[in-house]
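Paired with chain B in one complex and with chain C in the other, chain A is shared by the two complexes that follow.
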Partner chain A sequence: MSIEIPKDKWPGAVQTVTLGATAEQGGTRTKVVTIGGEQTLPFMHFESETPNRPVIAMEMSSSRPGGWSQVLQDTWGDVLDDPAKWAQACEQAGAELIVLMFGLTDADDNPITPDFAVQTVKAVLEATGLPLVVLGPGQVDIDNAILVPIADATKGERLVLGLCEEGNYRTIVAAAMANDHLVLGRTPMDVNLAKQLNILMTDMGLPRDRIIMDPTTGALGYGIEYGYSVMERLRLAALQGDAMTQLPLMVNPGFESWKTKESKVGEGVPDAWGDWAERGVHWETVTAVSLIEAGADVVVLRHPDSLTRVKESIDELMAAEPV
Partner chain B sequence: MSRYIATRAIRGANALVSEAEAMLSQALKERGNNTSVSFPNTAYYLPVIFGMTGREIETLGQLEASLAHARKLLHPVPSDKQWTPYLGETLDSGMATLIAAETIEAIRYIYGLQPERMPGVELAGATAFTSPDADSAKEGASNGHLNGAIDDIQLRTWGIQLVDGRMPGFAAIVGCAKTNEAAVQIIRELQRRNILTFLCGNVNGRSIIDQLNEEGVELGYDTYTVPFGTDTLSAIYALGFATRSALTFGGMKGGQAREILDYNRDRVFAFVLALGEVDDLKYAAAAGAINFGFPVIADTVIPQILPTGITTYEHVVSMPWNEIDGGDDLEKAEKLVQKCIEVRGLKVQVSDVPVPVPYGSAFEGEVVRKADLRIEFGGRNSRCFEFLRMAKLDDITDGKVEVIGPDFSEVAEQGSMDMGIVIDVAGRQMESDFEPVLERQIHYFVNGASGIQHVGQRDITWIRLSAKAAEAGFDLEDFGKILHARFHSDFGAIVDKVAITIYTNPDQVGELLEEARETYDFRNKRLADLTDDAVDVFYSCTLCQSFAPNHVCVVSPERLGLCGAYNWLDCKASYNINPTGPNQPIKVGRVIDADRGYWEGTNDYAKAGSHGVVEELAMYSIMENPMTACGCFECIVMLIPEANGVMVVSREDTSITPAGMTFSTLAGMAGGGIQTPGVMGVGKFYLASPKFISADGGFPRVVWMSSVLKESMAAELQIVAEREGDAKLIDRIADERSVTSVEELLPWMEEHQHPALAMDPIF
Partner chain C sequence: MYIIGENIHIMADKVKAGIKERDAGFFQKLAVAQVEAGAQALDINLGPRKKDWEEIFPWMVKTVEAVTDVPLVLDSTNLLGIEAGLKVITKAQPIINSMSAEEERLESVPLIAKKYNAKIVALTMAKSGIPVSADERVGLVIEKLIPRALEIDFPVEDLIIDPLVLTVSGCQEYAPELIEAVRTLQVVWDPPPAISVGLSNVSNAVPDENRSLINRVYCAMLMGVGLQMIIADPFDEPQNEVIRVIEKRDDSTPVGKLYLTISDRVAAMEEPSIDDVDMSDPEQAAIWKTVQILLNKVIYADSYLQQ
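For the complex of A and B:
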């Protein structure tokens, strides 16, 4: 007996956004990444093709990150002390995109300076041909102090600059507009707040194809359902035609899962929890794949093994035959 | 539009375009078509011409076409006899003036006449340029000349601050102040507010640049005070700067004239301050600036153009220096600058709260105990009130804090004294309806200071100041400083000026208290008069959609939000403060059913806001399409079929109700954004509204009510009882002290002759 699968036809579509620019596009990247463009819910290939695969980004820092799990530190080793080498290692591990995070201080515990920030970004751009996302430490004054000169020094690269938040988006948006970059907007797990930030940023004249949104999410066992639900609702609103929710989604399963006790603590936990390193990678992988199924266009990871596994999952999800 | 201004601007424009044409033809003869023209260090060609016409001028020869364009924009001066509209013609002439001025300055750069030489001037930061004078090049090109055009590097630094609001705006000062002292004070007032200042022009050969130079005021990029040149033409650099701001930070392209001008009106808060006599050329240049939405304020007597149109508020305002009410130049300068801020609508940022104790929301819940007390205002032993009223913009000075009466140094430890805090608020977007909304914020603002405890509001205010805060130096004036800073930072969208007066003389406190009480009464009546029928806009509230994604509150004057925190006025103020925020106006539109409360507008909104979950919404019924709830309701109203009425359970009541469930169990049924006929979450003051389930019979349907409500709302409920024509109505309603089940409820109602027994069946 044949079963007729009902098909939805949505009036809206997710905005297509391209990260990075090649030499002929005014930048220096050897590869660019295009995300978005979905016209139906994730992987419903029988309703509409998925024009762009979800992308895996690797997170790295401007200097050795203080709070990272020992598992991650052991895995990456010495490259953690050299952003250029770390970026190359990410690319070799199979990353399609690099996310460079700035901490408040440099390797010698001195507060970061605009000059240091610009030099670090330049070093990473030289070390890898992948497109780059650059995120400040998350304090308004310092973010603005480093992101503006970074934007000026890398004009035309189509970097993604962040974080734009409700209280602090104008400077970053203006710097991005003046230098042909993109921005990442983050709002705390709320459809309306995400939408409002997008309205405010586009009101400044920033075109929609230069905005990516991070709706914030949680790790497996730490609020992932909540984040999943917000992403799902944003995507449903986008497909229903609400222009201000039609931006691609970028989320941080690496950051979220590696701060859980399960990933961070190797001693004094029940034996039944199993091998520490394996557990951390599982946690990150399951978190990431769940978020991809919620509609994530970019997942930012920390462990190279997670990357391999998530990539396999994406292959399978993308390969599913149209019904 | 003033015909006088039109005439002079058009005449000035005609003259300048002719002058530019003459200069260009001579320059073409002497230097040739292919001589390159540019301003120093910019990628935007001649920026005004590029922005407005899209022409990428690189050589002298290309300027001919630009000037031809300028000539086409010219018009004859208005005739004395025939009255024709001339606003458009004046604006066109202004644009022609800008093109001509930029052409002339570009030619002067070729001849080495720009930047203008001024021996003895040393700039603190300036546009670098290749000077024929070897010495000045060596010295970083900042000596012996004025700045001329601003380069792209500085444009980026300042432009971004103008766009993100760190810099509230810029002033283009043209002319010469009455005196050197006046010039200095005006500049100081602008610098104090972080307003970028460009200087140009002269009156009878004397420029404000000369004045400031003589007084030793440091000029240049580093002091945010940039001398362009001593003639009016150099004002063009200000508009070149504005044009490039839009091109750089607004994502516009050369030739998008309309977009660039709109961008400047909406986002670049600039104004022209004309000091001294205004001649034809100044009028013409001013007309050019008005195209950008930049108004003109003059310190001499000139005709005014007050109606809004091209600019956000007034176009041309005259504020003659001699007539400014002020004791000295400083006071006059302050008032003049304040006027400029007001006319252009600049928003000055106040970020820090300047008090000697730690300040932040973390201190809001702090309690000052008797043992730690230095002094208290209000409470049992003294009177204290707070009173916020709207004032006219011209009547108050922003930031003025005045203490009238003695401070507390003479009051014994742990003593008390009378205090009245009167706050005058003025703003372009301020409405008297916002007075109570803002007044209620005082509680949170004052409580943010460490060592200060604030309780109550209006004439039951009670403030305690700890010994520690007093030791740290906190005095009465600091209350004013807190309020000034917080009203600006939190309500800047509707508040432009805040002045605070603190009274401590018992006689004065008494007098003002009476005045305040009259206003409180007036506001109470105003709220009572504010009915759903009297307005055509309700407000949505989607604050809780993060918890209940499909729930929407529709807030009307007679039905406040179910959380009790947002009434219609709050929503209105919230919308004015944050136009993209959670409270959006709903035009109620055509009435579908006035009794049950259906309008086209509310239905459409309910459907859109609930993402299609709610199809229709009855504002006044619990039985048919009731409003949904998130989970933060103050009370639950629920049908008791056996009693032909409803019960009202307070959030604070933990006991069992006649429905056999407690509040927390019932909450699961009432919340979640689902329409459930017979169950509704509401704000407790809705109970006293004439529109409370009015479609189902109104308040007499209430057969059972948590005693905490009866007690806390005794006065309001008594008014309802009398409105319903039964002064004993509240006594007929059962509560948890007498009735805990339906079985007990019916005999109780019989015994107390509850009206619901005789009403029509509720369904």
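For the complex of A and C:
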């Protein structure tokens, strides 16, 4: 007996967005990354081809990050003190994209300056040929003070600049528009706010193929189901044809999972929890793969072993035969 | 449409100040103006008044009843305050706003209502919260609210069911379900219970410039399923005009015709169609976009009209 599998035909599609630019395209990247373009829910290959694989980005910092789990510190070792080496290590580990986070201070605890920020971005761009996402520390004045000169100094690279939030997007969007960059918009786990920010940013004249949205999520056991629902609703709306929800999604399972007690704490926990390092990697991997199933186009990770495992999962998900 | 005027509400700064100064003249003017604008009853929301309920509820009832004959809707979570107000009512049959399917309220409110011959606004809300689906909300009416009335021999016709309008900004999935709840509630009991909703709740947390539009489009849709009572702002002239257009079936203007068509489509359980709309008219385009968010077809955003 043959069974006919019902297929949905959606009127809308996710916007295709390309990160990074090669020398030919006006940048210096040796590789670019293209995301989005989906015309169906994740991995429904029998309904429509998935034009672009989900992408794994690795997160790194402008200086040794305070508060990172000892597991991560031991894994990366000394490269944590050198952004250029760290970026290379991320690339060697298999990252397809680098996310460079600026903290409020440099390695000597001095407040970061625009000069320091520009030099750090240039060093990372020289060390790796991967496309780059650059995120300020998340304080409006400092973000604007560093992101504008970074945008100017790297014109044409198609960096992703952020974070754009509802109270702070104009300066970053203007800097991105003037210098052929992209922006990352973040909203706190709310479909209405996510859409609103997209409307505001495109109202400034920023083309839709230069916006990525971060709807915010939670780690496994820490609100992932809320993040999942928001992503799912945004993706469904996109497929139904709502232009202001049709932007690719980038989420941070690394950040979210490595701040949980299970990943961060090795002592004074039940033996049944098992090996600390293994647990942390599991937590990050399961969180990331779940979010990929929800529709993430980019997942940002912290541990190289998680990267390997998530990549294997993506291979399997992408390998499923169309019916 | 039976409008319960909503403007004596503790959330309004002028109302707060008026209470603080015991400014009877302010409340009397506001009461008379609402009735003149078409309100057939007046909601009096004073908040819980935990410290001065004993004085303030009777004061407000006497103040408002001195200038108007319409029913007063005593709207508070403080049942002691409501009872203090009910004791001094001398005119129309009052209304208690509200009880719910939560055990404590379900137990106590109908007894007070019966004692003072008051009607009750009964919310489709249980201890676990407000159900999303129309069926579950109707279920609370059949399984909890009406049985409690029958149990104490409280007249079912004195129950006013409020299936609870929630804001489209954050609770968007509730908006179309509420419409279906209003439709179904009219056939679940004989005689059907009265139904009322707090119309402007649909636009809570929406920027001021869009609230009235969302309220009146929702009003047109709800009139399509037979809603005949709302707690609303009686001074909202565009809303009153939509109510008039639908009640009189006045299709003499293009916008009026669109409101009527939307109402008729909802009545017939059809989706309003873009073919009904002249999208070159900005007002009609805005109405259409509003219908789309209220039916949860397009995700709401504060700038949804700019999309």
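Here is the rule we use: the second predicted complex is superposed on the first by the 323 of 323 C-alpha atoms of A that agree within 3 Å, B and C clash if a C-alpha of one lies under 4 Å from a C-alpha of the other, contacts with A are read in each partner's own complex, and residues count from 1 in each chain.
Please note the rule applied: contacts are C-beta pairs under 8 Å (C-beta built on N, C-alpha and C of every residue); 3 or more make two chains touch, one makes a residue touch a chain.
All figures in this text were calculated on a predicted structure; none of them were measured in a lab.
Asker: With chain A superposed, do chain B and chain C clash or fit?
Answerer: Chain B/chain C on chain A - steric clash.
Asker: Applying the touch criterion given at the start, work out whether A:A174 contacts chain B, chain C, both or neither, answering first, second, both or neither.
Answerer: A:A174 sits against chain B, while chain C stays out of touch.
Asker: After the superposition on A, what does A:R233 contact: first (chain B), second (chain C), both or neither?
Answerer: Both partners, chain B and chain C.
Asker: Report for A:V148: first if it touches chain B alone, second if chain C alone, otherwise both or neither.
Answerer: first
Asker: Could you look at A:V79 and tell me whether it touches chain B, chain C, both or neither (first, second, both, neither)?
Answerer: Neither partner.
Asker: Under the stated touch criterion, which partner chain does A:V265 make contact with: chain B (first), chain C (second), both, or neither?
Answerer: neither
Asker: Determine, under the contact definition given at the top, whether A:V118 touches first (chain B), second (chain C), both, or neither.
Answerer: A:V118: touches no partner chain.
Asker: According to the contact criterion defined above, which of chain B and chain C contacts more residues of chain A?
Answerer: The partner with more contacted residues on chain A is B.
Asker: So in the superposed three-chain picture, is A:L200 touching just chain B, just chain C, both, or none of them (first/second/both/neither)?
Answerer: both
Asker: Looking at the overlay, does A:A243 come into contact with chain B only (first), chain C only (second), both, or neither?
Answerer: So A:A243 only meets chain C here.
Asker: Kindly classify A:N192 by the partners it touches after superposition: chain B alone (first), chain C alone (second), both, or neither?
Answerer: After superposition on chain A, A:N192 lies in contact with both partners, chain B and chain C.
Asker: Same chain A residues contacting chain B and chain C, which ones?
Answerer: 190-193, 196, 199-200, 203, 233, 237, 240
Asker: Touching chain A in the complex: which residues of chain B?
Answerer: 156, 159-160, 163-166, 248-252, 263, 267, 542, 545-546, 549, 580-582, 611
Asker: What residues of chain C sit close enough to touch chain A in their complex?
Answerer: Interface residues on chain C, with respect to chain A: 169-170, 172, 297-304, 306-307.
Asker: Could you list, by residue number, the parts of chain A that touch chain C in their complex?
Answerer: Chain A reaches chain C through residues 190-193, 195-196, 198-200, 203, 233-234, 237, 240, 242-245.
Asker: Inside the complex, what are the residues of chain A that reach chain B?
Answerer: Result: residues 144, 148, 152, 170-171, 174-175, 177-178, 189-193, 196, 199-200, 203-207, 229, 233, 236-237, 240 of chain A touch chain B.
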